[in-house]
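Here come two complexes built around chain A, the first alongside chain B, the second alongside chain C.
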Partner chain A sequence: MGAQSRNLHIAWAILLKDLRLELRRKYEIFSMFTFALLSIISFSFSLGPAPSNVLDVIPTSLWVIILFTGIISFTTVFIREMDKGTMDGLRSLPSSPQAIFLGKTFYCFILMGIVEFVLIPASMILFNYSFNSDLALVILTFVLGTFNIALIGSMVSALTMYSESKTILIPLLTFPLIPGSLIPSVTATMKLAFGANLSLILPELRLIVAFLLAILLASWLIFEYVFYE
Partner chain B sequence: MRDKIYLAATFIVNIIALYMMFIYSPPLVVGAEVAADPEVFRIFYLHLPAAIAAYIAFAITFIGSVLYLRKKDFKWDVLAAASAKLGLIFCGAVLLLGSIWAENAWGVYWNWDPRETTTLILFFAYVAYLAYRMAIEDREKKARLSSVLGIFAFATVPLSYLSIQIWQTLHPIVIRLGKVEMSPPVTYTLIVSLIGELLIFFFILYLTVKAENLTEKIAKVKAGG
Partner chain C sequence: MRKEEIAVEAKNLTKQYGYFYGLRDASFRVYSGEIFGLFGPNGAGKTTLIRLIATLTRPTKGEVHVFGLDVTNEAEKIKEVIGILTDRSLLYDDLTGRENLEFYLKMYGFSGKDEIKRKIGETTHLLKVEDRLDDTVRTLSSGLRRRFDIARAIIHSPKLILLDEPFSGLDIDSVDILKNFLVKRKGELTVIVSTHNFEVAREICDRIAFLKDGKIAEIVNAENYSQVKVEKYFA
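What follows is the complex of A and B.
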């Protein structure tokens, strides 16, 4: 087996291992679902009954909920490995640290994706709105934006596993790194809610992809300095 | 002796800058639609140099972080941390001076303009950098991991600088495609003020690095190393 395919195989194995663990415990995914749905309900308090400005507020507020829900998942990415004492096991795997980072990022992305799969339709039903654009564009925007958050979250999780005060440090480190992709994601979502086509959201998609590539490249180059003690 | 000459030069340049700011430079209103007190424009001569000093400080943190990861010499980590602290002070000054100018020009201290927002994000990125350093006990881990964060945090600098090109903004744009859109007295005053502020920045950076290195030496001696 070549080094490349071995790395991909290990990334895939780590993803499956974490998903299996999560399905067994269900603790984080349950917390994420509960938090997301409670947040949607809290928005109804601020909008009031039969609100007229739903399309202005709710689709873009989804990103706030997605971000905070993601922060809950970041503790499971690397911090859980450190707390359980399984980091040395990960370090002894015959793969590059980048493969492990990739597996963990996809795990975080899938967790967030599962929550969004329920959250977005639930918000559409509860607030009686729909995206007046191509479903493919809506999915693309959410996939790209969520993957960005998962990428940053995985790196933040790896950084904070060695530090004290993880609870406060995770959001403190995440928030300054997120806006580069969050702002265009929110803008694109707002435009899609009002029926934009691809050409209208292309500037935002370009920004999201540019930021994603920059963070991916930086993570790829320097993750080993975080991974190995 | 060299320190004293540098300090004297800094003092002289800044006295000249003060004269140019308050006497030589004419009062000005930026933008035809802005109903502002023209004298308040003089805040620009402190605001823009502070922003440039902050960007330079964070760039030094980035370079120090990269060099620490490559060479594993603590002096680069000391430089990165000292520069981040100073950068935060200058960035805070940018936000404060900008808010004062905004209140005069736009009637509100803060209106979530993209430039204001991204500069605030930049500020918090380096607050997070310093908070992260305080949360790690081990010296080697602190240096290595905060260097990684120092590299990531630098992404907020181009975001702040390019915000006026990416999004629509109320923030005045005085340098467009390499062309300076200011009259000669304003340009000359800005240049002298910038040199004065950068001289202050580099001197305080030099002192901070010197103090941090001495602190490390004392800690090493106390530990019996």
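What follows is the complex of A and C.
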């Protein structure tokens, strides 16, 4: 097995293990669903069923909810392994730390994706709007934006796993890193709601991808040191 | 015992936590096929030494080689040939014993379903836990959980096993099962085992290193165990 396929094999095993654990307990996913749905319902109460500027307001609201929902999974992704003592089990394995990090990032991404799968249609029903663009572009924007947030969150979760005040540190460290991904994601979603095509959202997509690559590189370099204390 | 092959060699191995020395200038060799004991009171440096050999932490000074591989630069290769049992369980509470073992086997690069099934079957039979494979770890007694932990440590057939206080929390049956396993595999496997139970250590170990305050005070061969004054290490 080549190094790359072995890393993917490990990331896949980590993802499956974490999803299986989550399905057994359902703590995070339940909290995330509750938070996301209550937030979108609160927005609908505050703004009314059909606000005049719905296509300006909803993309922003959606991404803010996605971000805060993600923070629920970031607070546990590495910290649970630390608290339970299983982090030593991961450290004792002949696998690259980056592969483990990738598996954890995929886990956060999948949890956030599951929530979005319900959140976005719920917002469309509550606010009576739809994306007037190609569905593939909408999915691509949400996938890239969500993966970016999951990546940042996993890195911050890893950086704070030894700290006693991690619940304060995670949001504090996440926020300075988020605008680079959040702003283009919101803008692209807003444009898509107004019916933009690929060429119109390409600048935002480029920004999202560039930021994603920068964060990926940073986490690749940092995580090994964090992983081994 | 094949005395010619060195499994572990440490030279002036030191681990500092701030101003505190977890281990200071430890130098020793463990030969292939040997059961090497680490004996001493709590805080003597046994766990630190095991964690250094297992590449779970890096030395502040000095060096340690495992089968000729350097723990600092060749950690990944070392991890392929070692199995470790730490004082804390490394099993996931909400998974079954089988799911835990499958996960660890996959992480060691095993992918064939039949091979995974065979490995799990053999190892759990050895530790007499095969009938509890599908129970969630959370529901197991501490003794059974420990046996599953041992199964996890040895399931990938490592050449070197590092056992940190393996007998603590075990009932008499489990102690016997583990002792029998170690004695049966003597000469075949290299084992480093830490304990503060001298009776158990002298029963299974070929040599014992006595640690106190982060230093190796002496290394004693099996034939000289009766001359050791154990009390002085607890004074």
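Simple rule for what comes next: the second predicted complex is superposed on the first by the 223 of 229 C-alpha atoms of A that agree within 3 Å, B and C clash if a C-alpha of one lies under 4 Å from a C-alpha of the other, contacts with A are read in each partner's own complex, and residues count from 1 in each chain.
Heads up, the rule we're going with is that contacts are C-beta pairs under 8 Å (C-beta built on N, C-alpha and C of every residue); 3 or more make two chains touch, one makes a residue touch a chain.
Remember, it's a predicted structure, so these values are computed and weren't measured experimentally.
Trainee: Name the contact category of A:L38: first (chain B only), second (chain C only), both, or neither.
Mentor: A:L38 sits against neither chain B nor chain C.
Trainee: Name the contact category of A:A3: first (chain B only), second (chain C only), both, or neither.
Mentor: Neither partner.
Trainee: Of the partners chain B and chain C, which touch A:L159 in the superposed model: first, second, both, neither?
Mentor: first
Trainee: Identify the partner contact of A:I139: answer first if only chain B is touched, second if only chain C is, both if each is, neither if none is.
Mentor: Touch status of A:I139: no partner.
Trainee: Determine, under the contact definition given at the top, whether A:V64 touches first (chain B), second (chain C), both, or neither.
Mentor: Neither partner.
Trainee: Taking the superposition on A as described, I'd like to know which of chain B and chain C A:I222 touches: first, second, both or neither.
Mentor: It touches chain B, and chain C stays clear.
Trainee: With both complexes superposed on chain A, which partner does A:L198 reach: first (chain B), second (chain C), both or neither?
Mentor: Neither partner.
Trainee: Which positions of chain A sit in both the chain B and the chain C interface?
Mentor: 229
Trainee: Can you tell me which positions in chain C touch chain A when the two form their complex?
Mentor: For this pair, the touching residues of chain C are 54-58, 76-77, 79-80, 82, 84, 86, 88-95, 99, 103-104, 106-109, 111, 136, 152.
Trainee: Can you list the chain A residues touching chain B in their complex?
Mentor: Touch list, chain A to chain B: 155, 159-160, 162-165, 168-169, 172-173, 175-177, 179-180, 207, 214-215, 218, 222, 225-226, 229.
Trainee: For the complex, which residues does chain B have touching chain A?
Mentor: 69, 117-118, 121-122, 124-125, 127-128, 131-132, 135-138, 141, 144-145, 147-149, 151-153, 155-156, 159, 166
Trainee: Considering only the defined contacts, which chain A positions touch chain C in the complex?
Mentor: Against chain C, the touching part of chain A is residues 1, 6, 9-10, 13, 17, 20-21, 24-25, 84-86, 88-89, 91-96, 228-229.
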